[in-house]
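Consider the two complexes below, in which subunit A is the common component and subunit B and subunit C are the respective partners.
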Partner chain A sequence: MIEIKDLSFSYGKEPVLKSITTSFEEGRIYGLLGENGVGKTTLLTLLCGLKKVGSGSITTDGENPFNRTPSLLEKQYYLPDEVAPTPMTADGYAKERGRFWPLYDHEKFLHIMKEFENDPDKKMSQMSAGQLKKTYIAFALATGAKYLFMDEPTNGLDIPSKAQFRSAIMSHTAEESTIVISTHQVRDLENIIDPVIILDKQEVLLNASMEEISDKLFFDYGTTLKDGSLFREQLPGGFLQVYPNYDKEESKVNVEALFNAVHAHKDLIKGLFNKKEA
Partner chain B sequence: MEFNSNKAIFLQIRDTILERILSGDLKPGDRIPSVREYGATIGVNPNTVMRTYERLTTEGVIHNKRGIGYFISDDAKEIVLGNSREEFLKEDVPVFIRKMELLGLKPEEIFDNK
Partner chain C sequence: MSNTFNISRFCKYFGFDLKSRWKDQGLFLVIFAILPVIFHLIYLFFAALGYDGINALFSGAPISRPPLGLRAGVFALATGIFLMVFPSRTYGFLTDKAQGSEWIELPASRIEKFTSMMLTCLVIIPAAFFCVYLLSDALVCLIDSNTGTSLFGAWRDFDPGFSEGMVQFGAKGLWFLVASVLQTVSVFLLGALLFKKGKISKTILALFVISMTVSAIAASAASMIDLKTFAETLEKWAENHLGNIDFWFNFWSNLSLVVVVGGLGLWSWFKVKNLQH
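What follows is the complex of A and B.
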């Protein structure tokens, strides 16, 4: 469990995150969404202890990640958006680095590499951007880390790899792990992220499970435009409109439309989701 | 799995399982995959599959044996037939009839062909 209380952070005089309070529970795959520059990567690096909070606190299993104690470091893995093309074979790199994670499983690494159709004997410095990313994803999953932070993991992956990634993230992580994926590629990951966190300039607009979202909002894919939508978009076959879910009907959550609706009606959405049901 | 329809994903997964029960592909006593296994196979969050399983459990179509998994119930097919017929009449038939009217088709043109 990760708890963030009243967290603030700034780069010099430029504030990035301001009084953020939210939490990350076990056994969930969080999708961290937000426009460019709202601080998604900053938040991820704070979560894994690479940066020091300005004020407020982050507590991971009772510890401050910035203390970087071995007992916490061996439970977490951070996969940055850009990864280093080390002049080693993937196999050699993974074997060497894997020693830092007690649950690291080299067989699992090789197995995922195979699923990704990635050659473990190739030098990482000679890999394409996508192959390199897949090597790091395979390694991240093989560490057995309970906390997995991934920044845009599907960037650069080819089409078949995206489905393999979706499957791997569920087959090769422990049930109680907490996975936080920051992404703009919502179509790649729409069906695997739950809950969704929408970060805005200096605040969390939404941290809700898919079930909650479909309970509070209705996604209408019909052909007639109706009044009172929070967001509407014309599609080839009609419209996609988002309304408050007055009739408690089930609908398919569209994360792009959700994101746009939340941004267009910040206060209304916050009111809708903060309301405690009796 | 490709999700195209506008139905909630957990209901689409339910539809797939119901169809497999009706076709006889899934039989009473068959074990269905765990939520994580199934999620990984179709690329869907385990929570979503859990919602499907919870719904099917409430309907009596599957049941949970603690620590072993989910199994197809003995009378699953009868339950599914009853529910699916009702849903078909309530949801699909009105759409079908509206379309027939729009196209000016008479029932005998559709049903008396064979």
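What follows is the complex of A and C.
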């Protein structure tokens, strides 16, 4: 389990994250959402120990990730937005590096590469951006890491690959894995992410499971406009509107609409979701 | 399994590191190390042109070969450039966001990664460079017998002792070479870790600024002390230690080497330890 307590981080004098307290539980796929520059990538790099926290603390299974102990590094994998086009074959790359993760499974790597229709014998430096990304995703999943941190993993993937990615995430990760995916492409991932974390300037606006969200908010896909919506969007043949779910009606969460609703009514949403905790 | 240093994990990492560095920089090392062959061929080509045209190469004409002094000069120049350039080519990627992050996240301890880096930079690569360079020079001398003594042969027979008044210093050529390599590589490795871009030029610039500053401080310090008394004290000390002055000379030069290389190594360690992306 990852616990963040009163975390603050700044680049020079510019604060990026301020007094963040939240946790990441086992067996969940977290969707980390937020506008550009709110600190999603910074949070991910702090979680995997690439940066040192300014104040507060992060602990992963009781360890500070910045200590970069082999025992913790073996349990985690960070997939950055931009990956290096190493001048070697994907197969060779995976074999050489995979040895460092005790649960690494090369057969699984080859299997995922096949699912992605990616050639493992092709040099990574000769791959397209999408092929390269898929190679790294295949490797990340094959490491068997308990904690997977992915920054914009669907960037550069074509439409079939996005579906393959969702399928791979669901079928090739262990039940106790914690996956944190930072993304702007919410439609690509809304069927797999649960809970959703929405970051705003320096703070966490929302950290809630899909169940909690549908319990607190109602997503109306009807044809008539109603007053009091937190967000509304015209769709072909109707509207998508988000309301506080006072009548406890069931609805399917639309993450993009949720994001917009949260941003338009920050205090109301925070109050709505904090009520239960209080 | 220890989180600080585990020998089996270190061996695994060291092997991986060496293989990766060889894949990235093997060709660069080989090109520099076979420079005697390349230089010999270029020299012969131009010497033949100057003698009687290119046919002189095949007619057995007495065209000149690169003299030992020139080959030693080329060796010194190639070594200097190689030692300045290779640290940033082999580990300069650590300051790159994508590659540096990948390196940090590889499951091995910081000490294991640092030890592997230091061994590769301070021992393995320079040793490989010198071995291949001297071997290729020896090969040239063996194949073209008119070239004369090889660099290795000349160096082996060279008496590096030099005199300072009545005292003979037993200067050890190999140790001077090792000391120069250690210092140069340590400086340029630190430069590779400190600077994101222009690693070599910025390191040279930093060295220039440091040496100017030290010279200015030394000059102002010298102006404050009585040089005559200082020279007399030094002379008196030398007279008292005539019997073992070579020991003291070696002691102070080795101590300064240890302090410089140790200091630079420590700085590199803290840079690696706290590397962030």
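By definition in this document, the second predicted complex is superposed on the first by the 276 of 278 C-alpha atoms of A that agree within 3 Å, B and C clash if a C-alpha of one lies under 4 Å from a C-alpha of the other, contacts with A are read in each partner's own complex, and residues count from 1 in each chain.
Basically, a contact is a pair of C-beta atoms (placed from the backbone, for glycine too) under 8 Å apart; a residue touches a chain by one contact, two chains touch by 3 or more.
Just so it is clear, the model here is predicted, and its values are computed rather than measured.
Within the superposed three-chain model, A:52 lies in touch with subunit C and out of touch with subunit B [touch as defined at top].
In the superposition on chain A, A:230 makes contact with neither subunit B nor subunit C.
Looking at the shared chain after the overlay, A:193 reaches subunit B, while subunit C stays out of its contact range. Legend: residue contacts after superposition of the two complexes on their common chain; A:205 is shown touching neither subunit B nor subunit C.
Contact with subunit C, but none with subunit B, is seen for A:78 once the two complexes are overlaid on the shared chain. When both complexes are aligned on chain A by C-alpha atoms, no subunit A residue touches subunit B in the first and subunit C in the second.
Residues 45, 48-52, 68-71, 73-74, 76-78, 80, 82-84, 87-88, 96-97, 99-101 of subunit A touch subunit C in their complex.
On the subunit A side of its complex with subunit B, the touching residues are 28-29, 163, 166-168, 170-171, 175, 191-194, 209-211, 214, 219, 221, 250-253.
Residues 3, 5-9, 11, 36-37, 39-41, 43-48, 51 of subunit B are the ones that touch subunit A when the two sit in their complex. Across the interface of their complex, subunit A is touched by residues 1, 3, 6, 9, 12-13, 16, 19-20, 23-24, 96-99, 101-102, 104-110, 112, 274, 276-277 of subunit C.
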